[in-house]
Each structure stands twice: as C-alpha cells, then as structure tokens.
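Just below sit the structures, each encoded as structure tokens.
Next come two complexes, and both contain chain A; in the first it sits with chain B, in the second with chain C.
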Partner chain A sequence: MEYYLGIAQTIGIHALLGWSAYVLLLTGQLSLAQVGFFAIGAYVSAILTTMFGFHIVPALMVGALLGGFFAMLVGFPALRVKGLMLVVATIAFTQFVSLFFFNVHWRREVDGVMAGPDSTQGFREIRFYAANGWDTLDVTLFIWLFVLLVMVGLWWLDRSRAGAVLRAVGADDLAAQSSGINLTVAKVTAMTAGGVIAGLAGGLYAHSATYVDHLTFSVLLATFAIAYPIIGGIHNVLGTLAATIFIQGILIEGLRFLGDWRNILFGLLIILVMNLKPNGIMDARTMRAIKRIFAGGKTADSK
Partner chain B sequence: MLTVGDVFTSYGMIKALNGVTLSASEGEITCLLGPNGAGKTTLMFTIAGILRAQAGSIKFDGQSIERLSAAKVVEAGIALVPENRLVFPTMSVEENLEAGAFIRVAKDRAGVDDDIERMYMRFPVLKERREQMAGTLSGGEQQMLALARALMSRPRILLMDEPSVGLAPLIVEDIFQIIRDVNADGMTILLVEQNANMALSVADKFYLLEHGRVTFEGAPGELEQDEVIRRAYLGTE
Partner chain C sequence: MDDIVFYTVEIIQSIIDGVLFGSTYALIGIGFTLIFGAMHKLNMTYAAASLAGAYIGLAFFTLFDAPVMLVFLAAIVGSAGIGLIVYYICFRYIPVEDHLAALMASVGALFFIDEIVIHATNASPLTFPALFDDVMFELGPFGIRGDLLFVFAVSLISMAALWYVLYRTRLGLATRAVSQQGIAAQLCGIDIHRTNGTTFVVAGMLGGVAGSMIGASVGILSPLLTLPITIKGLIVTVIGGLGSIPGAIVAGFLVGALENVFLFVRGVNERDMYIMLLLFVFLVFRPHGIFSRRAERD
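Moving on to the complex of A and B:
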C-alpha cells in the first residue's frame, strides 16, 4: 500500500510540474525553466519549515509565490526569444538555479540539531511530515488536494476568457496582437502562473522526498515537465494528468519487472503514442469518445 | 482621418520604409499598390503598432499613435486584417469572433453578442460553421472570418493586407464585394493589394509604393491602367 501511495505522490507532483509547463504551452512557449521554479519552491519552503519552524501550508505558499516571482522576471526577457532560443535560454535558467543551490551553505541550529541546505551534501532532514505525525496516506491526500485545486483552477481558466486569450496568443501571436491582445501581459501572466504552480510542486516534492540536492533539478526532469503536456495534449487539462499517469505509473513503475528492457520499451511506447496520437492522448477525439460513453451510460439509466 | 507623415521603418540594417507619407480619408477606400518588397506590409504593421517607426508621425483623428502598442492601437479604433488571413486555427469560428472583441467583451457582453449575430447576418456561411474549427474553413471563408473578427473590435478604420492572396478569382470577386459592402456601411478602409485590377475597381484613391517610398498618388484613372499594373508588379527601373 505504501508503495502505491508513493507512486500516487509522484504522479501528483509530476502532474503539477506538467501543468506548470502546460500553461506556457497554451501561449506557444516551450519552457525548460519550470524545474528552476520547482527548485526554488523546494528549497524555499523546506528552509522555512526546517529552519524557521513554519507550518507547511504557509511555507508552500511562500515557495509558490517566489517561484511565480522569478518566473515573472524570466518572463520579460523570454518575450524577446522564441522557439529553440527560448528552450536554450530556459535550460540555462534551470542550470543556473540548480548550480546556485549546489553552492548554498546555510545552516542553523534548531532544537540542538543543524538544519538547512549543506551545499554539495544536499538538503537533508526535511522532516515536517514525520515530525508532525502525518502518515503516508495523509501526505498523499495533502498532495492530491493541491493537484485537484490546480486542476479545477486550470479547467476554469481554460473555459474563461483568459484561457481563450492564452490560446489565441499560442495559435498566432500576430493575429492575437491585431485583435488587441497585449502579448506582453498574456505571456508574462502565463509564465508567472506556471512559476507559481511549479514552485508549489517543488515544495510538495521536497517535503515528501525529505531530501533534495541540486542533481534532483536536472534538465531530464525539465524534459519530463514538458513531455507530460505534449504527450497528453493541450486540448484540455486532463491530458497532462493522463500522460503523467501513463509515464510515471505505467511506463516507469508498471514495467519495472522488465529490468533493463524497460528503458527500450519506454522510448518505443513514447514514439508509438506520439505517432498514434499526434495531438496528445486527450485530444478532441478522445474527449468526444469519453463524452459518448458517459452520455451512453445516462441514456441506459433513463430506460 | 489617418495620416502617415514621413515614416521610416527598418528591420535591423535594412530600411523598409524610406519616408512614406499618405493619408486615408473618412468613408473612403484607399489602396496601396506596389511590387513585392516595396514595404506595403511593413507600413501596415507600423500603423498597427506591431513594428515601431524610427522616425515620422502617424496620426489618427489628430491623435498621435506611432508610440502606441499594438493592443492600444486596436483600442484607438484601428483593426488590422493580416495577410494570409491568420485566423486562430484551433479555435471555433465563434471563438475567433469573440477573440476579435477581446478589448470590450468584459464591459459589453450584450453588445458583443449582438455584433456576432450581425456578423452572422453579413456572412451566413460563418453561421453555418460557427462550431467548426477555423483552420478547417476554406480560404475564402477564412478571409471572411478574419474580416469579421477585425470588425468585432468596432474599428473606425480597417487595414486590410492583401485580402486576395491565395484565393481563386471567383472568391476574390466575393471578397471585394464584401469590402464594397462594408465600405458602403461607412467603414473607412486602407487596403494593400497586389491584385491591381481588383484594387482599382474599389478604390477612391490609390498610392503606389516602390522601394519604401510613395511614387504616385491619385484617383483611379489618373494613371493609365497599364502603367499602374506594370509598376505595381514590377516597379520602375
């Protein structure tokens, strides 16, 4: 059971990370900086709980807000670059953040023990959950509470005018501009929202892993972050969740019994999915099929 | 109504506009003809605030707009129908129309809904396809949608960049009929075209743009048709 709850936690955290990239993809921006914001959220919230005795909820909020703040800062210069140049610039940001935390040594004594990030040794003993007697189920539910909140929030955004604006910018920024949409506002807002979600995910990650170091925040993780919304499709928010479950739940955990063959099959399955579902797992067609099943169920009930 | 005074715009080192001066009067269709690379689209983008002029003035109803952002230019009452139509392909026809009314939809929901209905009356084919993805429309339908979307911002002047490009001759006739109709309802139009014959058939006044400069201005008929066409396609020299 613990094992499955652990997977559920990973899926929840990765889905949040995927959604942080999803918001940007709506505006047509491909960002590998999400892991940088994730790292900021992780370190900041863990510093607050371990070194300053914060409760986890305000600590997560501060981490998320700082993630959003840095995303906004990255957002302005990022407006000037597009496509591959944006990818490179955002990789640089993630590397910068990761190397920054690699060098942070800031320890302080709390209840007779030293706590805080210890540069190359990483940041150990992020023990808020254990210290407060939360068991694995509590933690999993706590994470999924945020997953649901963000999912509902994004679902609502997608349906609102703001979502239409973001999609318009993503579809064609020239046409969006000539419709009176302010590109700067739209893109920086999306960047900031993505940073908030990534920062939140980072805080949740640090506390459930209890240990983070700079290697956690790799370009590989950044690639996963954009892979979820791309494989899931940006037709709607469920795609990212479906892709996270597919990759983390099925490909990584479900195929563990295959040993070394897993990695080969992993790549193969991703290629297969991208060919069969070029617009994502949850594309318009899948959604129609799902709606049909539900509608079919209803008519059967009414008989 | 719209006056462009001695405008210079460049892309890095390359000068695209070398002091363009022209004006569009209220209620008229003003055409801008010229060969490829003459700077027609650059001028449209500069007026629309997408590109910045290095020098010169752009006045709309006496108000200077050359420093305004693209979004503010739309608010001032200028709408651009970009070249190649550029509808939002993954959004439905109706969503495209709503996007065009972006600047006022929060304040005036009812007015926007009325305008959408009005667009459906003017363009019945869009009504038939209201739920359809804009990317799946035919070229002519996309051009109508792009035009309708621009009208949704309730502009006082419409900038149209090559509405005929890539369309079959019969469809081009339709589009120009629509342009005449929109103008007959009082809309001021600045039209960029390569199709000189069609453009001259609707224009009240036209300009020839060559190498980033206006080389002729007058009413259709003031310059011999053959001469216009030669210079519109090939330029002088």
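Moving on to the complex of A and C:
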C-alpha cells in the first residue's frame, strides 16, 4: 500500500509540474524553466519549515509566491524571444538555478541540530511530516488536495475569458495582437501562474522526499515537465494528468520488471506516441470518443 | 607586479586553450543551426547522436584495433547514419506544423540513444584515442597543446568542407533554397523530404567530427558528456543567432574561451553559471544573436 501511495504522490507532484508548463504552453510558449521555479519553491518552503519552524501551509504559499515572482522576473526578458530561443533560454535558467543551489551553504542551529541547505551535500532532514505525525496516507491526500485545486482552477481558467485570451495568443499571436490583446501581459501572466504552480509542486516535493539537492532539479526533470502536456495534449487539463499517469505509472513503474531495457523502451514509446498522436494522447478525437462512451452511445452527434 | 604578470599569462593561456576546444562547440552549434535553418525545428538528439557516432568509432578502435584516422572516419559515418534514422523517426512523418511533437519525439530519441550507449558501455567512461597528445608548442610564456591544435585544425577543415558543400554544390543550393523558402523550392522541383534528409546526413557528419574531436581532446567518452554538450551547443546556436553559421562559429570560440576563463577565475562549480548568465545578457541586449538580422527572429 505504501508503495502505491508513493506512486500516487509522485504522480500528483509531477502532474502539478506538468500543469505549470501547460499554462504557458496555452500561449504557445515552451518553457523548461519550470524546474527552476520548482527548485525555488522546494528550497524556500523547506528552509521555512526546517530552519524557522513554519507550518507547512504558509511555507508552501511563500514558496509558490516566490516561484511566481521569479517566473515574472524571468518572463520579461525571456519572453522577448519566443519559440526555440525560449527553450534554450529557459534550459539555461534551470541550469543556473540548479548551480546556484549547488553553491548555497546556509546552516542554522535548530533544537541542537544543524539544519538548512549544505551546498554539495544537499538539503537533508526536511522532516515536517514525520515531526508532526503525518502518515503516508495523510501526505498523499494533502498532495492530491492541491492537485485537485489546481486542476479545477485550470479547468475553470480554460472556460473563462482569460483562458480564451491565452489560447488566442497561442493559436496566432499576430491575430491576437491585432484584436487588442497585450501579448506581453498575457505571456508574463501565464508564466507567473506557471511559476506559482511549479513553486507549490516544489514545496510538496521537498517535504515528501525529505531530501533535495541540486541534481534533483535537472534539465531531465524539466524535459519531463514539458513532456506531460505535450504527450497528453493541451486540448484540456486532463491530458496532462493522463500523460503523467501514462509516464510515471505505466512506463516508469509498470515496466520496472524489464530492468535496464525499460529506459530504452521509454524513449522509443515517446517517439511512437508523437508519431501516432502529434497532438497528444488526449486530443480532440480521443475526448470525443471518451464522451461517446460515457454517453452510452446514445448521442451520435459527434462529427 | 609578478602576480599581475602571472595572472595575465594564465588568463591568456586559458583563452588559447578555450578557443581551441571551443571549435568543437562551434561544430555542434553549426549542426543545430543547419537543421534549424532547413526545417525550423530543433533536433534535441543532435549532440547525443554526435557522441554516439564517436562511440561507434571507439568500438572500431577497441574491437578491431583500427588506426586512429579510421576511428574518426567511422565516427563520421556512424553519426551521419544516426542522423538519417533520427530524421525518419522524429521528423519525416510528423506533420510540419506540429513543432512540439517533433521536438518531443527528438527528446525521446535523445533518451533512446543515451540509454543504448549506457547499456553498451555499462555507463563507465572509456578512453578515446588522441593524436599528438604528447606534442607541446612553446610560444614565449604560452604553451599550445598539440592535441587541441589538431582538434582545432580538423574543425576548421570540416567547416571549410561544409562551406564548399553549401555554396559550391547543387546539393548545397537545394539545401539553401529549402531553408529560405520551402514551398518555392518545392515548386522548382526540389524534393523537400530528400533535401531535409540530406541536411540531417551532412549535419550528422559534422557531428561525427565534433563527437570524436571532443573525445580526442577530453581523452574520455562518457554518457555524462551528452547533456553539457547539448546545452553548450544550444547556447552557441542562440548566441550566434539561430540559423547563422558564421554566428555559430564565432559563438563557439567565444563560449569556449569564456568558459575556460571562468574556470580559471571562479572554479569548476561556478563555471557554467556564468555561461548561462552570458546567454541571458545576449538574450536581453542582442536577442537575435551576433550576426543574425533583425527580420530573422525565431
């Protein structure tokens, strides 16, 4: 049971990370900086709980807000360039943040023990859950509470005017601009929202892993963050969740029995999915099929 | 006073070594830029394929005890072959307008190639044969490493060869036509898919040179090299301006030199941090790269 709860936690955190990239992807921008904000959220909230005795909820909020703040700061210069230049710029940002935390050494004595990030040794003993007697089920439910909150929030966003603005920018930024949409505001807002979600996910990750170091926040993780919405498709929020379950649950956990070969198959399966479903596994067609199944085959109004 | 002299000499020495090694970054950058110029897509697999080519060359060296020149040749052929395969599985059949799908597929191919290399070598670093690594040219207070000079020379020769292919052959004419105006090129009877495939092969050959030169100057090949080389190559591409070959060359030397200077001044832990900052400086003040014209944005 613990094992499955562990997977559920990973899926929840990775889904949040995927959604943080999803928001920006709505505007057509691909960002690998999400892991940078994830790292900021992780370190900041863990510093607050371990070194200053904060409760986890305010600590997560501060981490999320700072993630959003840095996303805004990065957003202004980075969104001057778009498309592939942005990919490279944001890879560099993630690397920069990771290297920054690699060099951060800030220890403080709390209750007779040293706590805090210890540069190359990583940030150990982030024990808020254990110290407050939360068991794995509590932690999992706590994480999924945020997952549901973010999912409902994004679902609502998609149906609101703001969501329409973001999608308009993503579909054709020139057309969007000529109908009076301020591109910079739209993109930086999306970036900030993504940063908040990533910061939140980072805080949750740091506390359930109890240990983070700079290697955690790699370009590989950043690639996963964009892989979820791309593989899932940005037709709606469910795509990202489906892709997270597909990758983390099936490809990574489910194929564990293959040993070494799993990693090789992993890359091949991504290539295969992208060739067969270039718009993601939950594209418009899949959604129609799912709707048909749930409607019991009675409504044959699909095109 | 002596301190300052010593410091200056060391920094100039770092710059010399850095520029020589930077020629490999330039090659990787050119490869990214070539493919981007042709298809307006980013091939994330490129650096991994280059190093995999070097591994193929190395396999010839360890299995058949082949001479070093043959090792380089095998690396070039191997990397070109991988380039062609990557083109077919990641770009050829994915609709042109689906940039994200092609990008993601090439990331998948990156994982795939990397894992095959890890699987084949048990993830342990292997020694790569170098040429002239016992030669050292003395130039006043400075020394020039023979193997780095060789790497530099080979890189320059391959750049010249690329220039010849692009500007003096019909193949290069087709490649340039496709990269300027795909549809117009098609109307002139150029087979776009075939030209793109050839571009991948040409870029792959350059990658094979780059991969084996990296192996020759570092002395070892390791799967751990893939990510740093990918990132440095991308940075070089962006600093040079996407699609600009001269830009990639200059940016390669620049990044190589500055990297070594930062290594000398601030140590290995902080070195890459400053390269990322350099990229941001370029993005803010010169987002179109060193040579790229304003109109060629994105």
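The rule is simple: the second predicted complex is superposed on the first by the 296 of 303 C-alpha atoms of A that agree within 3 Å, B and C clash if a C-alpha of one lies under 4 Å from a C-alpha of the other, contacts with A are read in each partner's own complex, and residues count from 1 in each chain.
Everything that follows uses one rule, which is that a contact is a pair of C-beta atoms (placed from the backbone, for glycine too) under 8 Å apart; a residue touches a chain by one contact, two chains touch by 3 or more.
Keep in mind it's a predicted model, so treat the numbers as computed, not measured.
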Quiz item: So, A:Gln177: does it touch chain B (first), chain C (second), both, or neither?
Solution: first
Exercise. Return first, second, both or neither, reflecting whether A:Leu30 touches chain B, chain C, both chains, or no partner chain.
Key: second
Quiz item: So which one touches more of the residues on chain A, chain B or chain C?
Solution: C
Quiz item: Touching A:Leu255 in the superposition: chain B (first), chain C (second), both, neither?
Solution: neither
Quiz item: In the superposed arrangement, does A:Ile230 touch chain B (first), chain C (second), both or neither?
Solution: second
Quiz item: What is the contact status of A:Val165 with respect to chain B (first) and chain C (second): first, second, both, or neither?
Solution: first
Practice problem: Have a look at where A:Leu5 lands relative to chain B and chain C in the superposition and call it first, second, both or neither. | Solution: neither
Quiz item: Okay, in this complex, where on chain A does chain C touch?
Solution: 25, 30, 77-78, 80-85, 87-89, 91-93, 95-96, 99-100, 102-103, 120, 218-220, 223, 226-227, 230-231, 260, 263-264, 266-271, 274-275, 278-279
Quiz item: Which residues of chain B touch chain A in their complex?
Solution: 48-50, 69-71, 74-75, 79-82, 86-91, 95, 98-100, 102-103, 105-106, 146, 149-150, 153
Self-check item: Touch list for chain C against partner chain A, complex
Solution: 36, 42, 89-90, 93-95, 98-105, 107-116, 118-119, 227, 231, 234-235, 237-238, 242, 269-270, 272-273, 276-277, 279-280, 283-284, 287, 297-298
Quiz item: Across the complex, what residues on chain A touch chain B?
Solution: 161, 164-165, 167-168, 171-172, 174-184
